[in-house]
Structures are given as C-alpha cells and as structure tokens.
Amino acid sequence: MKKITDKILTKVIRQRPADSFKGTYGKVALVGGSQNFGGAIIMASLAAVYSGAGLVTTVSDSTNQTSLHDWLPEAMFVDNNQFEMAEPILSAATVIVIGPGLGTDEKARTLLERTFALAKPGQVLVIDGSALTLLANSKLTLPSGPLNVLTPHQMEWQRVSGIKIADQTPEANLAVANQLNAIAVIKSHRTQVCLNNQVYENTGGTPAQATGGMGDTLAGMIGGFTAQFADKPAAVLAAVYAHSAIADQLAKKQYVVLPHQISESLPEFMHAHQAN
Amino acid sequence: MKKITDKILTKVIRQRPADSFKGTYGKVALVGGSQNFGGAIIMASLAAVYSGAGLVTTVSDSTNQTSLHDWLPEAMFVDNNQFEMAEPILSAATVIVIGPGLGTDEKARTLLERTFALAKPGQVLVIDGSALTLLANSKLTLPSGPLNVLTPHQMEWQRVSGIKIADQTPEANLAVANQLNAIAVIKSHRTQVCLNNQVYENTGGTPAQATGGMGDTLAGMIGGFTAQFADKPAAVLAAVYAHSAIADQLAKKQYVVLPHQISESLPEFMHAHQAN
Amino acid sequence: MKKITDKILTKVIRQRPADSFKGTYGKVALVGGSQNFGGAIIMASLAAVYSGAGLVTTVSDSTNQTSLHDWLPEAMFVDNNQFEMAEPILSAATVIVIGPGLGTDEKARTLLERTFALAKPGQVLVIDGSALTLLANSKLTLPSGPLNVLTPHQMEWQRVSGIKIADQTPEANLAVANQLNAIAVIKSHRTQVCLNNQVYENTGGTPAQATGGMGDTLAGMIGGFTAQFADKPAAVLAAVYAHSAIADQLAKKQYVVLPHQISESLPEFMHAHQAN
Amino acid sequence: MKKITDKILTKVIRQRPADSFKGTYGKVALVGGSQNFGGAIIMASLAAVYSGAGLVTTVSDSTNQTSLHDWLPEAMFVDNNQFEMAEPILSAATVIVIGPGLGTDEKARTLLERTFALAKPGQVLVIDGSALTLLANSKLTLPSGPLNVLTPHQMEWQRVSGIKIADQTPEANLAVANQLNAIAVIKSHRTQVCLNNQVYENTGGTPAQATGGMGDTLAGMIGGFTAQFADKPAAVLAAVYAHSAIADQLAKKQYVVLPHQISESLPEFMHAHQAN
C-alpha cells in the first residue's frame, strides 16, 4: 500500500489565483439531514464551506433550516420536501454529497434515487453514511456518469461490498472498488483509500476523533476539496489526510476532538499547507 | 468519609487506545427538556459529548431540536412525542440520563415510566432533576436492572429519601442509598457520593458555580464518563471531581461560572488529567 | 450631584460565601420580547445570567424560545401566551424585569398589567423600554408593593415624567422620581440615577455604546445585581457603573461595542472588582 | 481611474462625538432573505450592526427570525409577509438595503416594488443581489428620490447595464451609472466604483474572499457606513476598501475568509483606522 502523507497537501492545495471568483471554487450541493440527524448535514456543510468551496447549498428536512444558518449563514438551504427546487442546483453542482444524516426510510430512499438519476459526467458524487446503507439494502446501482466516491466505515463497507470486516484486505477491497468503478474511502483507525487501482493508507488519525460526526465532516471536506481542485482523486486523498492531521494537532491538547472543530480549523490549516 | 481528590482523574481517565472507534466510547441517550426547560437537556447533552462519549442522542420536546443542534450538531435528536423511535436507542444505550428539564407533568411521568421499563442490566441509568421529584412523588420504584445513579441536590434528596436536609448525615444518606441499591450523588457545597457502602466527599467546588444548569451539566458528565470508562462507580467519582475542578479553575478569573463553560473546558481538562 | 465611580463596585460586589447555592443569588424573571423585538429580551436575559443571578426565567413570545436557548441554555422559558404558567414564577421572583422588546400593543399592555398586579413588597421591579412607553400612555400606576426601578432614556423619561428633555434638570428629575416613589435611571451620555432623594451621575460611558440593545443589557444587569446583592439601591448604581466601565474597556480597541459583549465580559469584570 | 486606498478610511471614519446616542448613527433597514437564502440577509445585517449603525431592522421571511437573532440579538425583525409593519420602519430609515437573499419570485418582486415606492430623498438605497436581477428583468425603474447605490458583480452588472462583461470598461460603466444617476459598485477582483462622474478602483482584495456571502456582507457594510457618516459617496468607498482590507488581513493566515468573519472584525478594524 502507498502511504498518504503531508506531501499530498502541497500537491493539491494550490495557491489561489489572484483573478478568481467564487465560481472558480466550485459548487457543492449536500443532501441529507432528516429530523433526527440534522446535525450530520450541518457538520458536512460546515466542512464544505470552511474548506473553501465557492458556493454551498444544503438540501435537508425543513426543521434543519434554522440550525444550518445558525452555524453557517454562508450556505443556502432547500427543503427536501421541495426537491424539484433542488434539482437544478444538483444539476449545476460541481460536487454532490449525499448521505450525512439522510436516514434510511422511504423518503430517504426516494431522495437517493432522484439524486442518482441526476448525477452526471463531470460531477463528483460523494456517497456517505445512510446513503451507503440504502445502497447496500436496495437494488440501486451507482450512477455511471459521475466520479463516485464512497466513504463507508468498515461496517458500511461490509454492507456495500459484501466483504466481512475481518476479510477487508487491501486486495479484496480494491477488487470491489474496481468492480464498482468507484473511489472507496474505507474509514478506520488507519483509513484506506482505493483509487486508480491502488490502495492508499492514511498515516494520520487519533482515537480522540472517535466520536459521532467525524465521518460527516470528512464527507463534507471531500466535497469541498474536489469542488476546488482539478485532480479529483488527489483531492480525495488530501481531504482524508487533512482531516486526520487537523485532529492530530487538536489532540495534542484535547482528550476528544469535536468534528466541528476540525472544520473551523480548515482555513488556517490549508493556508499553512498550500503549494508554494 | 473518604475524600475525592485529583487522584481519581488519572485513575479513571485512561489514555485512549490507538485502535478504537466511536463504539468504544459508548452510547449515551438523554431524556429531558420540556418546552420550558429545554436548556437543561442541552447542557446535559453538551457535557456528554464534550466528555467524549462516542454517540449521543437527545430525546426531548420537538421545540428543542433546533437549539440542541445550534449547540451540538454532534448529537442526534428524537422528538419525545415519538417515543417509540427512542425506545430502540434507549435499549442500545450504554448509559441513559433522564431528568434534566423533564418537568413533572403527566407527559414527563409517562416518559419516566417508559424509560424505567426499558432500562436493563449492563446499563447505567442516571436519574436527575425533575425525574427525582417525580420519583419521590409517585409510586414508581427504581428499575432493578441497571446501575442506578441518583444526582439530587439536598432538597431533592429530602424528597427521595425522606431525610430532612438538617438530618442528611453521611450515615443516614448511606443507609437510604444502600436500601435503594443506588449510587447517590448528593449535591451541595461539598458534594457527597454514596457508593459501594462508602460515603465520599468531594474536595472541589466554588460558589461561582451557584447558578442554574450546573446540575444538568454534572448529570451529562456522569453520563459521558460512565459510557467510556470501565469502572462505573469510579467514573461517577471522577465526573463529580472534574466538574468542580474545572469550575475552580474558571473561578480564578470569573465571578460566576456558566455551566456550558464547564463542558467546553472538558476536552483540555481531560487531556491534562489522563493516565500516563 | 454625587458621582458614581468604581468605588461602588467593591462596595456592592461581595465575595461569594463558600457555603452558598443558587438560591442565595436570587431569581430573576424577565418579561418581554415580542415577535419583532425578541433580541431585546435575549440581551436582557444574558445580562442577568452573566452577572450571576441564581436562576433566570424568560417570559416571551413563543417564537423566541429557540434563540433564547441558543444564547443561553441556562435560562428557563415560558411562552407569554401561557402567562398563567409565568405567574407563580413571577410571584416567587426576587426581581422582575419587564419591558425589553415587549412592544406596545394590546397584548403587551395586558402583560404589563398582569405583572404589575403580581409584583409585591420585597421584590424589585425593573421597568424598561416599551413598558415605560405603555406606562406613560396608559392610566396604569406603578404598583405600590415592590421597589420600582425605571430605566428610561431621555425621551422615555419625558413621556413618563412629563418633563421635556431640555428641562430634565437633576432637581426636576428628582422631584418626579420622589413623587413616583421609584428609582429612576435616566440614560444618556452621562446617566443620572435618582434614588434616596439624591441624584447620582455616572462617570463612565463611551459613544461606542451608542447602538441598539445597550439599554436592554443594562436592565438585565440591574436585574442580576439587585437579585444578588442586599443593598438594592447600591446594586442599581453598581450595575449602571459596571455597564459603562466594561464598555469603556472594550472601546479601547473597538469602534462600536456590541451589547452582548458587555454581558459576556461580566464574569471577569466582576471578579476583578469584587470586595476584598 | 482613481485608486481607493487606506486614506479613505481616516477620511470617513470619524471619532465618535462624546455626546451622542444611537440615533446619531442612523437607522438601517434591510429587506431580503427568502426561505432558501436566509443566510444572505443575516450576513448583511451582521455587517450593518458590526460597522456601528445605531439601529438595525431586518425584514425577512418568517423562517429566518430565529437564525437572525442567534447571530444578532441586536437587530429587530419584521416578517416580510407583514410588510405593512415594515413600511413605517423603511420610511424612517437612514438607509435601506434591499436584495441579499431576496430571491426573484413574485413575492420578491412585490417587496422590491413596495420598497422602491417608499424610498425617498435623504435616504440611501442600496440595491444588491437578486434585487439587481429583478431590476434588470422587470420594467422597474430606480426610484428618483434616494441616493441609489447598486452593488452588482460583473454578471449582475451585465444584466442591469446591458454591457457584456468583456466590454465593461470604466468609461462604459460610468456612462451607464451616470445615466442611472446611481453609484455603481461593480464587484470583481479589483472592484470599481462609479460615483460623482469618476471611476474608482479598489486596491485591496484577495482570492481568499471568493466564497458565497461576501457580497451580502459588503452590502450591509455600505448600509452601516452610509448610515453613520455624513459624506455618503465617501462612505461607500470606505466600506468597499474596509471590506477588502479586512479580508487581506485575515488571508494572511487563512486559505479562505468567511464573510461573517469580516463583520466580526469590523469593530477593531474601524477603531484602528478612525480619524485622529
């Protein structure tokens, strides 16, 4: 396995060109957040905005409108009961992130299906959290157009890939990722990423991160990074590394690292680790 | 009486094992927060998350969903009018905290009864605030399955134990705690904890803490500590001590210490006081 | 006129006795905040909590419940459409603050009347903002039981006292305050306080404070101070001075001082200026 | 073209006179924020308050009431479905800002028409965001009474002026601005301002600002500056410069600058750059 180290950061995080505008940094649309799991989509949206995406829209349950804006007036909101309003936004997005706090009920499944139907070539589609469970439990297949990025933890990967956790070797994981024609970010103590017929192992990460919402934050970061940076697979690796490196930094002083703290640390971290 | 000192911290707060995940740190479910007392369950939930619980779910009045997520996107939410959705979460919890801001009306009583009916061996059940008043005023008996932890202030203890405040000697308190087969955390200037047939007296605490919400925060911390640490009675003592020690620190510069500040100080405090 | 200087702080802000509890520091109930002016009652409530009141309850329009708890989980909430739930709380309060953002419509008038009817000897009643306008425009008379503290700016004082701003001399102001048997805090560049047949002039204050919400914050501070400190008239003077002294401190670095920043500065300021 | 440099700051930002009150610093009314774009009006309102406007009222969709107060208890709120309540406030305003997050539907158009109908001589009317798109797409003409300030980005300016982005030379822009009898703030990498028959080019600005909400923040700052400072055209230039200068400062340490951070930096920035 290749190692993911801090070198990926300066490779990916370019200095911003002086003559640029928000359109230069992409549009991220995030779909998730039921009445029960609204915090998840807030955390993912925070990560997308604080990593520098140009424009972020969050499609969620109406009960999450206020708490989204309390954290993030920078994001736009669409009620997922008015999904027809979200459709043109998803179509125009550089990256779609679906899953954080989406839930697994009938409504969630419909949102997933409609999103899969919209996703198209040139777009990145990040599939996280309950969207992975839905994918595993349904007869849905991944859309063939976009660059699909799956971000399961080991149990979700078992559901999606059929490989039991004990059998999740790099080779076995890569075989399924290749078959799915997707990038697979398999989260654990040392996260592995299957892409371009390679398996990469992350070298950062701390048990202080072992708390709810970490995965939502990573999904949002992958959204923010792939929206901005031209080399999409490298951007996934950089997001994975940055997420754990920030946690490692915070864990020098904290017993537990809160997911929203990682997002709030992104602007300074990315400044310190951009290309010269 | 034994004294609770800073030694309990390094005894309880272990270094986190590298290869761990959020499941390692337990699931806390908190039940409380009426329309009038929503802040109480928010403060308790903050304490549970910031002390490092792996997963936290808050079961509360629907009007508290947004303010919970404004403080804490890391927590999940269940409307207590849909208690059937909370039941599997309570059943799967490592720790249930019931009481902060619960109120004492008929609905509150029903929530308490249904929670008591679910709590089972292997779980910790923290009973705080209005749940103690309900317990005292009703014919409810404590569930026999879980490790019950009662966190009354002196007047609530009078209601539960029948011992008048003036007569709350360590011996009298211990006798009732033993009879209830519960850990009793009797909050006052110098909080006393009855457990394992011993009475422990806390050595920390400041009058700067004398403000609404301190007890809710302690209940949430007991939830977070017992969810993570194997020795449950010791975890209760560590939470009691940490709560007062953080307040003592903040009171060096503050005339009054706000409860939410204690929670927000937990990650650094616990880092500084973990086992070597 | 006597001057209000920093001496009032150490005279009033006592060191907290070790063996005290939240009941020692009083109960403040605040009534205000219509759908349009919810921020005002939030700012007043913040000031009451951050100045150290033991227990704070906010009685406001239901649409302000969430934003109150977003700022202040430490406060309890009562919907002012269920004023019967507020009545026992107002009756048990050490201090009632009425007016911040109350509005001047029929509902506001009814809330004022019902509050006046409840206020009784031993209590402090702080009357601020739109409650002063209502008082001036209606045939209401101040309740005879409580210690009434009026906190008008100059135009509101004109409405209440009938004295035009140009004619608001210390003597004229004192005559009306005596006649009303109330403490009058007449806010301006140099706030004057009529009490105990004396006029006191504040020596602090900065034009950086000239922004909406400053008065609401002062009303809440008067609530918090009179709830805790035995000498109620001196507590009013101390609140007036502290409010301006904190603003003066912040204005050394800020062009404008936001009201909520004054409240958030209270714990450190009061710690630094308590009695030795 | 003239350059806008830091000299404009000390020219415009006066030391506040000691004997002043909130009325001295003007009233700003902001109209915007649909259910989808509530964050935009929050960011604009933040900028108006933090730049020192005396009184700020936000007229928006009812679903934005809570999130506005979560950020800004200092602002008052009017539901835009009760626009008759907003009308006296708009009439009494020193400055009206319309457009941030307003949307372009029929309701938005009606709000724009009613605001145009109210705006009158002596007032500043800042027209931003979707209000510019509505203006371009409708047969509305700018009101003749107020000082109109348009704040388009280049595409919005194309819609309003009919000049394609490639053809937006200073001369062409000025000709249309003169014809509209408006100040035009044309936002880009180097923002240009057409006023008093001159074109001014801003010398600050960073690609770290290229994120959603920057324009809303600038519109609110123009509102806050023109409300306080006597020379309205100079105040527009000072707001434009300050907005970019704060971003430049923050970008020394941040890869991306969040719009709300600019507003929160205003009190210290303006203190440091006021007239001696």
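As written, the chains take the letters A, B, C and D, and residue 1 is the first residue of each chain.
We take it that a contact is a pair of C-beta atoms (placed from the backbone, for glycine too) under 8 Å apart; a residue touches a chain by one contact, two chains touch by 3 or more.
What you see is a predicted model, and the numbers here were worked out from it, not measured in a lab.
Q: Using the contact definition stated above, find the chains touching both subunit C and subunit D.
A: Under the touch definition, subunit C and subunit D have no mutual neighbours whatsoever.
Q: Would the interface of subunit B with subunit C count as same or different, where same needs over half of all numbers used to appear in both copies?
A: different
Q: Just the number, please: Cα centre separation of subunit A and subunit C in whole Å.
A: 48
Q: Determine the centre-to-centre distance between subunit A and subunit B, using the mean Cα coordinates as centres, and give it in whole Å.
A: Distance between chain centres, rounded to whole Å: 34 Å.
Q: Do you know which subunit D residues sit against two or more other chains?
A: Subunit D, residues with two or more chain partners: 66, 70.
Q: If each chain is a dot and touching chains are joined, what shape do you get: line, ring, star, complete or other?
A: Shape = ring; chains linked end to end, path closes on itself.
Q: Using the contact rule from the top, write out all pairs of chains that touch.
A: After working through each pair, the chains in contact turn out to be A-B, A-D, B-C, C-D.
Q: In their complex, what parts of subunit C are in touch with subunit B?
A: Residues 13, 16-22, 24-25, 49-56, 65-66, 69-70, 72-79, 85, 266-271, 274.
Q: Can you check the complex and tell me which residues of subunit C touch subunit D?
A: 35-40, 42-43, 46, 63-64, 66-67, 70-71, 153, 188-189, 206-208, 210-214, 251, 253-260
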